[in-house]
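Per-chain numbering from 1; labels A, B and C assigned in written order.
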Amino acid sequence: MSKQNLTDYKDTLFRVITFGAAMVVLVVIVGIFVSLVEQSLPAIRKFGFFHFITTPIWDPVHEVFGAASSLYGTIVTTVLAMAIAIPVSIGIAIFMTELCPNFLKGAMGTAIELLAAIPSIIYGMWGLFTLAPIMGNTVEPFLQHTIGKIPYLGSLFSGTPLGIDILTASTVLSIMIIPFMASIARDTFMLTPQVLRESAYGIGATRWEVIRNVVLPYSKGGVFGGMVIAMGRALGETMAVAFVLGNKHQIAHSLLDASATITVTLANEFTEADSNMYMASLFYLALILFVMSFLTLAAAKFILKERSAP
Amino acid sequence: MNILTKRKIQNKMALSLSVLAAAIGLFWLFFILWDIFRHGMSFITMDLFTKDPMPPGFKGGGLRNAFVGQMLITLVAMVIGIPFGILGGTFLSEYGRHSRLGRFISTLSDIMVSVPSIVIGTFVYAIMVRPIGHFNGWAGGVALAIIMIPVVIRTTEDMMSLVPWSLREAAFALGAPYYKVITQVVYRGAATGIFTGILLSIARVAGETAPLLFTSFNNSFFTTNLNESTPSLTVTIFQYAMGPYDDWHGMAWAAALVITVAILLVTVAGRLLIKWRYRN
Amino acid sequence: MNLKNIFLSLLFIATSLTLTAGDTINGAGATFPYPVYSAWAFNYYRATGVKLNYQSIGSGGGVRQIKNRTVDFGASDAPVKPAELKAGNFLQFPAIIGGVVPVVNVKGLKAGQLKLTGEALADIFLGEIKKWNDPRIEAINRGLTLPDSEITVVHRSDGSGTTAIFSTYLSVCSGDWSRKVGKGKSVNWPVGIGGKGNEGVANYVKRVNNSIGYVEFAYAKQSKMTYVKLKNKSGRFVEPSFEAFKDAAAGAKWNPDTGYYLWLVDAPGDGSWPIAGASFILLGKEKPGVNRRVVKFFEWAFKNGDATAEKLIYVPLPKLLKSSIQDYWKKNGID
């Protein structure tokens, strides 16, 4: 083989190797989907799709399984966590881009990143030992005595405050996603051209007006995309909620009731399911979660791409 | 009230709220860290690192098995995840940068970064635990590697794209083939960035629990044999924190302290490295 | 290149580690006997150098994992029915006897102060009795002041033999329970929150005021929980104790031909604790090599483990049963 040929050969080889490595991502994603479908086939055949996601019963004794209670828990904890996290994280981002003195910026950025790096199991454990008693003994009775007295709205806070419930789980979850959302929001805020800001200040706008009328509109696509990504994360979070949600398959009407998410159900019951139908139903739950979070994240990517396109 | 005062008041209120939000964020960070230190510190002893767990009801013991198991599982994840990640990222930033497939894979990796880790656990159970017939440490390592690969791919791609195109052209002009340009020019230019990406991806997977629950499982003994159930710090924390014994809780806090400090150090190191690299 | 060297050395370390062969016996299942099995395993390792890794994942999990043969032995507190033993190609034998006790967390109540009947217990777990000062509870506990607060029920979230024993007992005592909920390793609980394992239930009961749960006695004892007295079949209120469990097991008729399938709930006898149960070991019949090593451990434990078990308030198997089990092993080709 001539030297030229050898070089060509090596180049092609390297190209093929890197191509193969990149394809691993595709293979794994497809592999996850295919294997989850395969494993859950018995449950898909028995319960169908609409029937499965609308049945609120999870009864291993009689082998009747439905995803409604776990789905409900997943959606409620995620929505509530987002409701707490969105205002706080936008506030943090505003502080960091518009208000924070320069010498603090680095420290603040590091702090937010550290908060994001703490493993979720630590959040969960801390939630059980520290946050749950505070919620159960102080915060939740307080909420019951205030908001709990308002008709209709009050029923959200009925029941015995235990600290092991949807409200605590959502709070832990929100603390987990705040740093993530805050840093995305900060990055998008910083993309606002300085010229735009300065011209607004030039016509006498206050800081808040600049933020509200210039920075926020300019970056709303990016911020929205970031929120959706955070939501995708919250949907799939396991350990942070596993400790404090109470593992109860029910459609809870009060935020002070225990519940179960898809992830918590998997974590608790996966190694223990003793019948094939039970196992298949758990795989079915995993499949639903996978598709849900995949679609959410793909939507977020789409939103972000739309925005960055000229 | 005239309009100017109203605007000023609005301004003050909004800004104070954002300061409050920042304070809340910092408050949680310090609250959690302080709590871990407060509870964990008194249980950090030499025994924690040098002794294996005792059955409940017996005094003493440590978590040596979990520390070693955690390191082994993470090591397996690194050995698989880093090469695949770097090579895959290379394809995306070089050979495949203008192709539709390249862009598709890049987007897919971004999505995969956030795929629920517990789902990856169930997937690896289906492909590596059920067929093999028993829980094993390798499966845990593979599960973590699957989480690691897209992270490394994306940072490698980004860091390599940052290397100026003119550098590659200079090398081409000397007659170097593409693979040599990549390995000797582009990798050099992007090394620090890629290394940081690797550090951060390690920090990310080292704290994962959910994918290990049904793969590497747990083991109350010391083992370096990854063909059997392998203990990990995170699963041990889950077991101990959920347990009813006070000394288990203490050890769970201590393990939490160790793992948190380790991960935070790696994260800070990564940040400093990036800062240092892009200042010069 | 630098990075390449790092990878190579990592690869080398990883492969060299796998060369060390392991001789660990892996078991998983019931959380009920976890304290005693792990204590035995610890002593066995000291005596013989053989490791036995027992993970408490719940009885449902134990049966599941041995069905898949992902472990060397499974453990379950709910005996597997003879027909299922055949289907799964299992061997089954009991290894230890213990008791399930209701535990409460009510301010001011001490262990053994509160008395309950099977019916009252079923009503609490059905959600029919909602408060601690319900007349149905006060009628049994004259002279005891109980708070006017809502009861929080804590049950198991995982497939559990403890639940099977407990729900079998409630089904025996209460027609309502047996109609509405039934018995099994995991049931469709009408009320309450779920803890993972005996550990999780014990932990939640300790953390939640005015709660009630049920755990294996060793858990209640070791984490110093408030257990209650129960009315047994002969109408006496008994306190959970080693003797009370022993009495419950005394009249049992064990039969190797059914894989020792037997429940010990609501046993006759003046001193019997009403919710006792044996914990069973499951083996895959087709693996004599593995089974020999597992059986060796239990043989050792039957010989040397009684004192450890008694210290943890478990009842060791009676001598006759032990020798019957040893015959059973031999008959099935393990010795």
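In the analysis below, a contact is a pair of C-beta atoms (placed from the backbone, for glycine too) under 8 Å apart; a residue touches a chain by one contact, two chains touch by 3 or more.
Bear in mind that the values here come from a model prediction, so they are computed numbers and not experimental data.
Chemist: Looking at which chains touch, is this a line, ring, star, complete or other?
Modeler: Per interface graph, the chains form a complete graph.
Chemist: Top contact pair of chains, counted by C-beta pairs?
Modeler: The chain pair sharing the largest number of C-beta contacts is A-B.
Chemist: Quick one: report the Å distance separating chain A from chain C, using the average Cα coordinate of each chain.
Modeler: Using C-alpha averages as centres, the distance is 36 Å.
Chemist: Using mean CA coordinates as chain centres, what's the gap between chain A and chain B in Å?
Modeler: 17
Chemist: What positions in chain B touch 2 or more of the other chains?
Modeler: Counting only residues that touch two or more other chains, chain B contributes 83, 86, 183, 217, 242.
Chemist: Taking each residue of chain C in turn, which ones touch at least two of the other chains?
Modeler: 28, 195-196
Chemist: Name the residues of chain A that each touch 2 or more other chains.
Modeler: Each of 128, 271 in chain A touches at least two other chains.
Chemist: Give every residue of chain A touching chain B within the complex, in rising order.
Modeler: 7-8, 10-11, 13-15, 17-26, 28-29, 31-32, 35-36, 38-39, 87-92, 94-96, 98-100, 108, 110-115, 117-126, 128-130, 175, 178-179, 182, 206-209, 211-212, 229, 232-233, 235-239, 242-243, 263, 266-267, 270-271, 282-283, 286, 289-290, 293-294, 297-298, 301, 305
Chemist: Provide the residue numbers of chain B that touch chain A in the complex, in ascending order.
Modeler: Residues 7-8, 10-11, 14-15, 17-22, 24-26, 28-29, 31-32, 35-36, 39, 83-92, 94-96, 102, 105, 107-112, 114-123, 125-127, 146, 149-150, 153, 177-179, 182-183, 203-204, 206-210, 213-214, 217, 234, 237-238, 241-242, 249, 252-253, 256, 259-260, 263-264, 267-268, 271 of chain B touch chain A in their complex.
Chemist: Looking at the complex, which residues from chain B come into contact with chain C?
Modeler: Residues of chain B touching chain C: 54-58, 72, 75-76, 78-79, 82-83, 86, 129-130, 133-135, 183, 187, 191, 195, 217-221, 223-229, 239, 242-246.
Chemist: Help me check something: in the complex, which residues belonging to chain C touch chain B?
Modeler: 1, 3, 7, 10-11, 13-14, 17-18, 20-22, 24, 26, 28, 34-35, 38-39, 41-42, 45, 51, 53-55, 68-71, 195-200, 202-203, 206, 219, 222-223, 225, 311-312
Chemist: Provide the residue numbers of chain C that touch chain A in the complex, in ascending order.
Modeler: Going by the criterion above, the answer is residues 28, 57-58, 60-61, 63-65, 67, 149-150, 152, 157-159, 182-189, 192-196, 204, 207-208, 210.
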